[in-house]
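Okay, got some structures for you below.
In what follows, chain A forms one complex with chain B and a second complex with chain C.
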Partner chain A sequence: MGKRKTISYARYGYIFSIPFVITFLIFSLYPIFYTLVVGFTDLQGIAKTDFHFLKNPFQNFQFVLTSDTFKTSLANTAGMWICNFIPQLGMALLLTAWYTDRRMRIRGKGAFKVIVYLPNIITAATIAILFKSLFGYPMGPVNDFLNRIGKDSVYFLNNKMSTRAIVVFIQFWMWYGYTMVTLISAVIGIDPGIFEAAELDGANRWQQFWRITIPCIRPIMLFVLVTSMIGGLNMFDIPMLLNAGGPDSATMTVSLWIYNLAFTGKHQYNRAAAASMLVFTIILILSLILFYILRDKDEAKALKARKREAKERKMQEKLYGKAGF
Partner chain B sequence: MKKIIATALTLGMVVGSLAACTSTPTPTEATKDTEATTESKETTEASQLTDAEEDNILNVMSFTVEVPDMIKAYFKAHPEVSEKYEIKDTVVATDGGGYQTALDAALAAGGADAPDIYCAEDAFVAKYSKGDAAQFAAPYAALGIDVDKEVADAKIANYTVELGTRPDDGALVALAYQATGCAMIYRRDIAKDVFGTDDPAAIAAECGPGMDKFFAAADKCKAKGYAMISSVGDLWNMCKANTEVKAGWVVDDTLNIDPQREAFLDYAKTIIDKGYSNDTGTWSEAWYADMAGSGDKQVFCFLGPAWLINYVMAGNSGSWKETGETDADGNPVKELDTSIGTYGKWAVCDSPLGFFWGGSYVLANKDTDKATLVGDIIRYITLDTSENGLQYAWANGLLSDDGTKDTVASAVVMDKSDGKVDFLAGQNMFDVFGPAGDFATGKLATPYDEDINRLFNDQVTAYSHGEKDRDAAIADFKTNVAEQVGINVG
Partner chain C sequence: MAKSTLSLKQNNRVLQVIVYIVSIFLCFLSLIPFYIMFINATRSTEDIQAHAIALLPSIYAQRNWNVLTTKDFSVPVGFKNSLIISVGSTVLAIYFSTLTAYAISAYEWKLKRPFFKFIVGIMMIPGQITMVGFYQMIYKIHMVNQLWVLIVPSIAVPMTVFFMKQYMDASLSLEIVESARIDGAREFYTFNKIILPIMKPAIATQAIFSFVASWNNLFIPLVLLTDKTNYTLPIMTKLLNGDIYRVEHGTIYLALSLTAIPLIVIYLVLSKYIVEGVAMGSVKG
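And now, the complex of A and B:
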């Protein structure tokens, strides 16, 4: 009886996690391993499941790395992500600063936040189709407006830069609200006492923002950066539905290329798998670099110092411990 | 306690991973089965599929409601069938490759929910009748259809038979109910203005045969301020599969650019440079506007089959006025007013080069558990020439409320049908569209056509709009075909 006095709640945790673990194993881990295997085989064609390992196991990887489309699509993806992320983070920071400022009392703050977040609720497919018809050529709302002010119709979706710009804008417009909400929650989490103390010490709002807010939300900014990067490098739906990666592969992203490899033409699952793994590796490396760059330097220093201290103490113990005996 | 949970969890994981592993061999077995059946089919030509009905649900997969509606009409006409079976139709639009992705997954997964009957459009039917996915199709002969005799008796358009024949065993696995031989659909008022006549024979002689005459006519239209065609894309269908094209995109697993298809680059460039078109895109708002004559310039002609007239142009002719009332579904009721728009101002004549465009093909799943029923329905849709058959109703507009007529695959049905339509000011369109099917060939089709066509047209657009030179366009096209479709480019 006495043994039963303490109740371990841990087991409920295990029980509740069973469904996740099982679905994860079947629907995530197994496909990952399957992809890993397929990348080294000759698996091509609809509904084929029998495959053979290649004599040169890295043939598919060589194909991907030497293909022009991979380079183009990687450059497109990275370019479009960076061009959307910088203004997105800037805009989100600006709005965060406004909405969390304790002296600037903005009316209808809640309503604004909802409005800014709204584009994120609409499905990407809907937005892509919407923009496709907005920029229709030679007739469409934007071109009608141009005609009305006496300009000729412009074939926006046949121009590489303007199509990329539209994709970048959509990404920015869809996601700055999300980033803002994340950053606001981070700012709210900062101890208000710090701000009060700063105010008492005479710090102005600019100083407060750069010296307190930004350093305090750095972990969350890292989170935003990494998740946005993963999402950005996997960009698929908007370029696909806006112009199927066109014009002339200008908005062809890596995911779109992988999709084309695996689900059109010869259904080259093996090459698609190899390309997927390469993209995974790229994302992994970039994430690690970001974590390294944005690590808390003070804490890292403190950790190092602690380690050094411990080492020195050990050394001293070794040296003097015996002598002291 | 902890140990028990840990053991249970580990067991769960092991079972989970095992379940995941076992899912792999099952399809392999299925493929083996297919191999076995194809082998047996080769030995005993067309072994009959047996009815091993597991349920009473007939699964149908399509990209429009057209074929499901036909099957519903069949059920209505056959009470003994509708008592016993239910139709479960899955309709996925072709936009963004959605339909094929869904269909491929459903066919590969198999089981009770796999489609018994499925449809494919002309643009991608070769993938399901000739490519890897042809393994899922049941030969018509295995559904109790006497293929050679029934096809000959119905005088089915030859190119549809060519498209629907599986090269591995020569079995017919797909047929269309439409014949989509194309014609030149032109505006009578513009024809009178430019050529002084609207007589189909005279206009056909002005604009063809051949591309030189077509461009000469375009020049005359331009001189009077008209555009010959709406979009460069209108011309693509004609250049893609006309009688002059010798071979399709893929020959011996290597890309083949037929001179006729390559010439389309130059045609497109000429059209854009000289302003023979309104530079729209097919299926865009601007394209529809040109049908109503409300585009940039008035457009002289469209090149297309009968369905383009009835299903696309008639509705977009700008002659429909809202009455202000709404129907039961809340959609505005429209009535025809020929004082506006272009309805009734059109005529058809032979196109400069014979070609075909579009058509829906009907296929049966080799694993269907209702072979007899599926065979009967397919016969009703594709081979029945009687007045109770689908094609007679389709040709004479008996299925739809607005009496839309269309050309059908069976010449026997065409002969007893009447193709007079008000949209063409009472011209009998079957006189032109019927013979047009003879020019069509299904021999050029390859399973990868849809993707290669898309990649080629990307380059055509870039080249014709001056984004790059001709050599670069062809080089980029080859790179894209090699690196996206997976075809050798030699």
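And now, the complex of A and C:
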């Protein structure tokens, strides 16, 4: 009867993980390998599934890396992401500093958060077409406004820079609320004792923000940075529906380029697969950074301690022999 | 001394006014596109072409609706498909993510730590990257245009597992599990009847996010659903870019409004949980 306590429940850990693992193997891992393999083949054409390996296995990768549109789309993706992320983080930090200020009472914070976060949950496809209509030419709401203040209509979506600016603005507009809410919760999580001590020492608002708040929320800022980077690399819905990556590939992103290669026109699955794998490599590197940020520090410490203990025990065993243990 | 505190107070007052002005401006910026969208949904194309901004709604919503329904854009079909996919994948994602998180959090097994590390590692791999292989696989087994293909992969969502595990570590006491065992409950029963109810707060927020993410997804449905009867709402909105709607401005705004209304309603009802959920999602760092 005393054996009851020693029943091992470990197998349930395995059993309960099975659905996840099987689904992951079929719907994620297998497609990753499939994509990788297709990258080395001649698989092209609508409704084609059979393929042959190429004589020069890296031909598709060479095509992608030397393609001007790929370079343009990579540059566009990076450029538009940076132009949206810097003001996004800046605005979020400013609002965070204001809304968490201990000496200033701001009313309606809750309502403000709810309103500026709203664009984030609306379908990106809807938002893209909405902005296309808002910037319509010759008579969209923005041009109506310009006309009313005595300016001529502008064909925004026919100009490279203004189309890019609209994409950047949409990204900023959709995401700064999210970043702000995230940062505010991080600041609320800081031990208030630190701020009280700083106040007693005579630190002003500016010093408190730069010397306490920023260092304390740095990990979460890094989290926001990396997740935003990966999201930015996959920018698809908005450039596609706003102006199909145009005008003249000005808002062509990597994702949109890959989609066009594989699922329109000549259906060049092989080249799209090669491009996907290159992007996958970039994302993998970013994920490793994220992994490093999110690693369980306490657990890592505990594991280290356990290993050290085991080592010490071994040493003692060596020293005193196994007898008596 | 008194003078300096006074100036500090005045300083605060000025800053406070600036904060209010900026906040009101940002609220305005967030709402105005939607306001124009809803107003123009009720206006005729002629009115919009004369002046695209109007403060008050008009009476042409019915006419715009008639134009919309005579063309390809079928709101009921899109709504039905979006709902099936979103509800299906949310239910699967929540149930199995909680189960997987429970496996990691509640049991001691050899591969538990490597497994969790693995989940964190694959968390950010987006579906878009593997789309060529995924499409080829689905095409080969003749499952293109099947809604379940978009639902079943939700059994393995690393992000949700991660958040569930974090929540469990913080708020689930294993003593409850122990006492259930003493009462003779089987492990699976314990999970369904005891653990799931305890996890309700985390389930609520994660369910909202899963639902919204799935509802808003464009890329994967766009590739896998090519038949009009299977279109989801985001794919339908893509139709609005077509030539048949070129001159139907009011109709476009109406269609966009219809795709946004369900989300806005959900958001207004659950905004507290959503904003809190964003905050909760990033606690770890």
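Keep in mind that, in the parts below, the second predicted complex is superposed on the first by the 268 of 325 C-alpha atoms of A that agree within 3 Å, B and C clash if a C-alpha of one lies under 4 Å from a C-alpha of the other, contacts with A are read in each partner's own complex, and residues count from 1 in each chain.
Note that contacts are C-beta pairs under 8 Å (C-beta built on N, C-alpha and C of every residue); 3 or more make two chains touch, one makes a residue touch a chain.
Quantities reported herein were computed from a predicted structural model and do not represent experimental measurements.
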item	value
When chain B and chain C are modelled together on chain A, clash or fit	clash
Chain B versus chain C as contact partner of A:V181, first or second or both or neither	second
Touching partner for A:G136 - first (chain B), second (chain C), both, neither	both
Touched partner set for A:P119, first chain B, second chain C, both or neither	second
Which superposed partner A:Y14 touches (first chain B, second chain C, both, neither)	both
Contacts of A:N234 with chain B and chain C, given as first, second, both or neither	second
Partner touching more residues of chain A, whether chain B or chain C	C
First, second, both or neither for A:Y155, with chain B first and chain C second	first
First (chain B), second (chain C), both or neither touched by A:Y30	both
Partner chain(s) touched by A:K266 [first = chain B, second = chain C, both, neither]	first
Partner chain in contact with A:L89 - chain B first, chain C second, else both or neither	neither
Clash-bearing segment of chain C relative to chain B, given 96-104, 114-122, 168-176 or 222-230	222-230
Doubly contacted chain A residues - partners chain C and chain B	10-11, 14-15, 21, 30, 47, 49, 133, 136, 139-140, 240-241, 244, 263
Of chain A, residues touching chain B in the complex	8, 10-11, 14-15, 18, 21-22, 25-26, 29-30, 44-50, 67-70, 133, 136-140, 155, 158, 160, 240-241, 244, 246-249, 257, 260-261, 263-268, 271
Interfacial residue positions of chain C with respect to chain A in the complex	12, 15-16, 19-20, 23, 26-27, 29-31, 33-34, 36-37, 40, 48-53, 96-97, 99-100, 102-104, 106-113, 115-117, 120-126, 128-137, 139-140, 152-153, 155-156, 161-162, 187, 191, 212, 215-216, 218-219, 222-223, 233-234, 237-238, 240-241, 249, 252-253, 256, 259-260, 263-264, 266-267, 271, 274-275, 278-285
In the complex, chain A residues that touch chain C	9-17, 19-21, 23-24, 27-28, 30-38, 43, 47, 49, 95, 98, 103-106, 108, 110, 112-119, 121-127, 129-134, 136, 139-141, 143-145, 148, 173, 177-178, 181-182, 184-186, 188-189, 219-220, 222-224, 226-227, 230, 234, 236-237, 240-241, 244, 255, 258-259, 262-263, 269, 272-273, 276, 279-280, 283-284, 286-288, 290-291, 293-296, 299, 303
Chain B - residues contacting chain A, complex	1-2, 5-6, 8-9, 12-13, 16-17, 19-21, 24, 27-28, 31, 96-97, 100-101, 104, 107-108, 131-133, 135-136, 278-281, 284-286, 289, 295-296, 448, 450-452, 454, 458-459, 461-462, 465, 467-468, 476, 479-480, 483-487
